[in-house]
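Both of the next two complexes hold chain A, though its partner changes from chain B to chain C.
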Partner chain A sequence: MKTWKRNLLAVPILVWIGLLVGIPMVLVVALSFLSRDHLGNIVYQFTLDNYRRVLDPIYLRVFLNSLLLALLTGLITLLVGYPVAYITSNLPPRRRALALGLIMLPFWISSLLRTYGWMILLGNAGLINNVLLALKIIDKPLPMMYKFSTSLVGTAYMLMPFMIVAVFNSVDKLDRSLLEASYDLGASKWKTFFHITVPLTLPGIAGGFTLVFIPALGLYFVSDLLGGGNTVFLGNLIHTMATRGRNRPLAAAFSMGMIALVLMVLSLYMKASKDKTGEGLFQ
Partner chain B sequence: MKQPLLALVELNKYYGDVHVLKDVSFDINEGEFLTLLGPSGCGKTTLLRCIAGLERIQSGDILLAGTSIKELAPNKRNVNTVFQNYALFPHFNVYDNVAYGPRMKKSMGEAELKTKVAEVLELVQMSGYEQRMPHQLSGGQRQRIAIARALINEPAILLLDEPLGALDLKLRKHMQTELARLQRKTGTTFVYVTHDQEEALNMSDRIVVIDQGQVQQLGSPREIYNNPANLFVTSFIGDRNIFPVEVLQVGDDYSQVRLGEDVVAVRSSPSARGALSADDEAVLAILMDKMRISCEQMDNAFRGEVVSIHYAGSQIRIEVRVAGRILTVVEYQKLECECQVGDSVFVSWEESGAYLLPQEDGWEERGL
Partner chain C sequence: MKAKVSGFGIFYLSLFFVVLYLPVLSVVLYSFNASSSTAQWTGWTLDWYRQLFSDRVIAQAFRVSIQVAVLTALLSAVLGTFTAVISLWVTNRTKKAIQGMMILPLIVPEVALGVSLLFFFNALRLPFGILTLVLSHSLFCVPYVYIMVRLRLQEIDVSIIESALDLGASRRQMVRTIILPLVAPSIVTAALLCLAMSLDDVIISTYMSGPRSTTLPVHIFSMMRVGVTPKVNALCSLILMGTFLIIGFSQLITKKRRFS
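Then we have the complex of A and B:
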């Protein structure tokens, strides 16, 4: 009886998730098996055609682009974000609060505006090119926009705070006496970092990677604006199909493909975080 | 003269403006069990961390077998630490924890390492626990692994930072014996930090009493217990009644002092001999359990009134008001005199239990 009453507390959140996540999800799944007429209206007729097209080798390229973008984003945010998080957590309390505040500050500005900011910075008539031209370091503008790498930089920038915060939380929890014990037992700072710090902050790394990887798959406006559509990613593809392409069933099928990718990463994350004690990492 | 294993030479350490170690100098001999004893915040742990290299000193020197190690990083010093919370690596099993030191220093191959790990685990009576993870061990077991992990490196000195603090009383007593046994068996020099006088008195060859970043006294447990060098040591070690008296006459061995109406003769401490003369205020310290209560009038005793009597198992604690001060007397056998609260009694003591010391400024304010 008591358990039943206690479980009652979960009802609001269950309703919330049911209404706003569950039902749309079911709709997307259902939609992915439907057909459309030539005007883009949905025809209630079961078909596997959409999935056949998703698996078409033409679109494999798009999956690979997205996967590469998300993986590289995860890697870059990790390489840049880990040291930032590590240093931040070792700061004295006041400066630490300041640093965390500064890391969060960009969230106060619309991400769309910040993406336009990158265009102002990187464009042919942008700030960097203008300065370099004025200093006569280059004689014609460096093309920095509308490339895969531009999308990558923008996506990594956009998701960096997630990685920093995830790693920060786990570095912050790290027992400093373990590091001292490691030095005391004869390990150098680098050895201590790789044998003690990294394995013990692995949950943070895995968490940060997941937090970055998943949105990187779907963040279509960054690659739209900075990549100029030169490289097609899953997010852009789905967006285009659902709007201009007027093919919502196909867009739904691609969404299912993306969800499959995300689930793969999540299952890897579960594995990494279950292995909290890091057993077998250094055998 | 034999060279000390470790020499501390006028160490000074500051945290910002706070002077935590003040001109600390003493020697540690090879093979001894030396305890740094003091109240929390006295600087004993800081001193240990300075020896380990985990803290830098601002001035002075640390010589290990005659060579300065003060500039060496902790991983280059031939000393190992057993940390207060054990600091076992939670992601390694017992074997990998113990093997960590030799692996980092690449001092032996895996085959030799295996024998070595088995040896030290045997030494701390933890054979068969190789595959356990730290979180599967009890506090006492973790303690043993932490010691094994340090001892496998064969350090010149093993530093122990309040290692028994987190254990319950029974286990603590057991581990005291165990540590003393390990120290004898390995012949390793132990430097042990504690705030527990009983631990210090039980295990140590020598004790360094530290207060406010300064060495107060260095000596064998017996010396420190019976002949405390100053008021701090007097009040910190042993349960004593400490109260001011008026000096009538100072002799080399005995002095005459007065409390209220009663005049008694007591042992003079070395520091009292030079510093005191007639009519000075001095401090008399008497061990509570060396005091006696009697109903008959006797020499060398204070007259007082019984304020309370507590029976606490094997001992009886009696509070007596003498000249407006409350003295506590601890008796172990049946009382010689069947006194009641309010009775007039005489308080005497074994000669060795009383000690006369010079007055120090502000000692009463410090709560000694």
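Then we have the complex of A and C:
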């Protein structure tokens, strides 16, 4: 077959992605430069107002909230998840399979259910408060819901498996003889960990961080249910503007801002992992 | 030589799994609580499950969700497998381009994808409903099928393919008799994952649902916003059971357990 004829086979997928991602994204870019009337209808007039409003201190605050949430989510999942991946990789075969199964299982469990579980645990009449009250450790319920930290716990919990799987794939490929060599040469456990293990598993860390950071920017239902809307994040704002707020141009401008954040993280990831195409993220 | 895991390591891992599954287990536990508040445990009951079965709105949302999930899984399985298989023949540059495109829907946050599709389908005057739901869900499902089938294809010995062609098989014959049977377990697993992902999606579905085609997760989300009610617990527990059935099914098909 001739080369161009062979490449024709890629047409279906091109049409699919062009129709469902390409054109809609062009539309978002175009919309972000348009105005709207007081009823929320689009007015075809070029403006930079939407971007000016993104930089408004009130809205900038929203950006910072989201950035902070996503960064802290990345950090928490890394600190908690790295040891989990590391220990799992060192387990004997049968236990290792079991541990891996338990790590992957939440991917299949409804994300709403997993968020709702925290509402039941952390609520004023929730399980944790009930237990503490029954044990007489506290005499009135601890308020744990509807805070920034509640959203953070929920988001980190939701995305934890992504981090663990990414780190695990990296840790598992680690050449253990390098660690032995390091011990033989007199390095301590911690020194070996920070000078050998961490640099060699950096692609996994970077990949995990990226896979956690991106969805953390947009998981609005988690911050909605657990944060109670007390802290406004980008996802909540875009959602409100695009639906009830009837301000599509502004929603489009904020989506562009969100995508800019994603691109920033992706370029950092590509630098740290030397993965030029971003393909390593999903292997 | 692998390092031995210390006692503390085992302890840490166990503690992690307890925290990982505690929220899930408490949802199931409180679905059997006779009291409508989590403040107290007043005994076991199945009332909340009974209430579910008489709820028409939930039944309707469930039907929509199942239809969408099955159609999405089928569409994604076909398109994802097709793309993975043709990647064997296209030029290297096209292959790179396909890989890049497949990652696109996975790296754009779902809110941005949902909003962009909302604008697009609105501009097309496409009625929101099953069709828009299936199209939008295929966006995050096709890449997974593609990735899983490609991983399997990479394991296949290239010489089998070449010898089939040398012996005079046409490409079509070769795909049907050699490649598809070899990747079939991966396709089924990927399709079941699509089923689960489609049944679970909240964010994109919020934008794609029509007035009479709300999906189950969108409806559950609106119920949860009101607060903790045992009816939601019961509904979530039932869905969890359904999910476990799907996983069991996929394990049965692939038999050999494979991770990563």
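The definition used in the following text is that the second predicted complex is superposed on the first by the 261 of 283 C-alpha atoms of A that agree within 3 Å, B and C clash if a C-alpha of one lies under 4 Å from a C-alpha of the other, contacts with A are read in each partner's own complex, and residues count from 1 in each chain.
Heads up, the rule we're going with is that contacts are C-beta pairs under 8 Å (C-beta built on N, C-alpha and C of every residue); 3 or more make two chains touch, one makes a residue touch a chain.
For clarity, every value in this text was computed on a predicted model and none was experimentally measured.
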Partner chain(s) touched by A:Val198 [first = chain B, second = chain C, both, neither]: neither
First, second, both or neither for A:Pro215, with chain B first and chain C second: second
First (chain B), second (chain C), both or neither touched by A:Leu142: neither
First (chain B), second (chain C), both or neither touched by A:Leu20: second
First (chain B), second (chain C), both or neither touched by A:Gly186: first
First, second, both or neither for A:Phe168, with chain B first and chain C second: second
Which superposed partner A:Leu268 touches (first chain B, second chain C, both, neither): neither
Comparison of chain B and chain C by chain A residues contacted: C
On chain A, the residue positions that both chain B and chain C contact, one per complex: 177, 180, 277-279, 281-282
Touch list for chain A against partner chain C, complex: 1, 3, 6-7, 9-10, 12-14, 16-17, 20-21, 23-25, 27-28, 31, 80, 83-84, 87-91, 97, 99-102, 104-106, 108-121, 123, 125-127, 130, 157, 160, 165, 168-169, 176-177, 179-180, 214-215, 217-221, 224-225, 234-235, 238-239, 242-243, 248, 251-252, 255, 258-259, 262, 266, 277-279, 281-283
Chain B - residues contacting chain A, complex: 52-54, 73-75, 80-81, 83-85, 87-93, 96, 100-101, 104-105, 133, 135, 149-150, 153
Residue numbers on chain C that touch chain A, as the complex places them: 1-5, 9-10, 12-13, 16-17, 20-27, 30, 37-40, 79, 82-83, 86, 89-91, 94, 96-113, 115-120, 123, 135-136, 138-139, 142-143, 147, 151, 193, 196, 199-200, 202-203, 206-207, 217, 220-221, 224-225, 227-228, 232-233, 236, 239-240, 243, 246-247, 257, 259-260
In the complex with chain B, residue positions of chain A that touch it: 175, 177-178, 180-188, 191, 195-196, 199-200, 276-279, 281-282
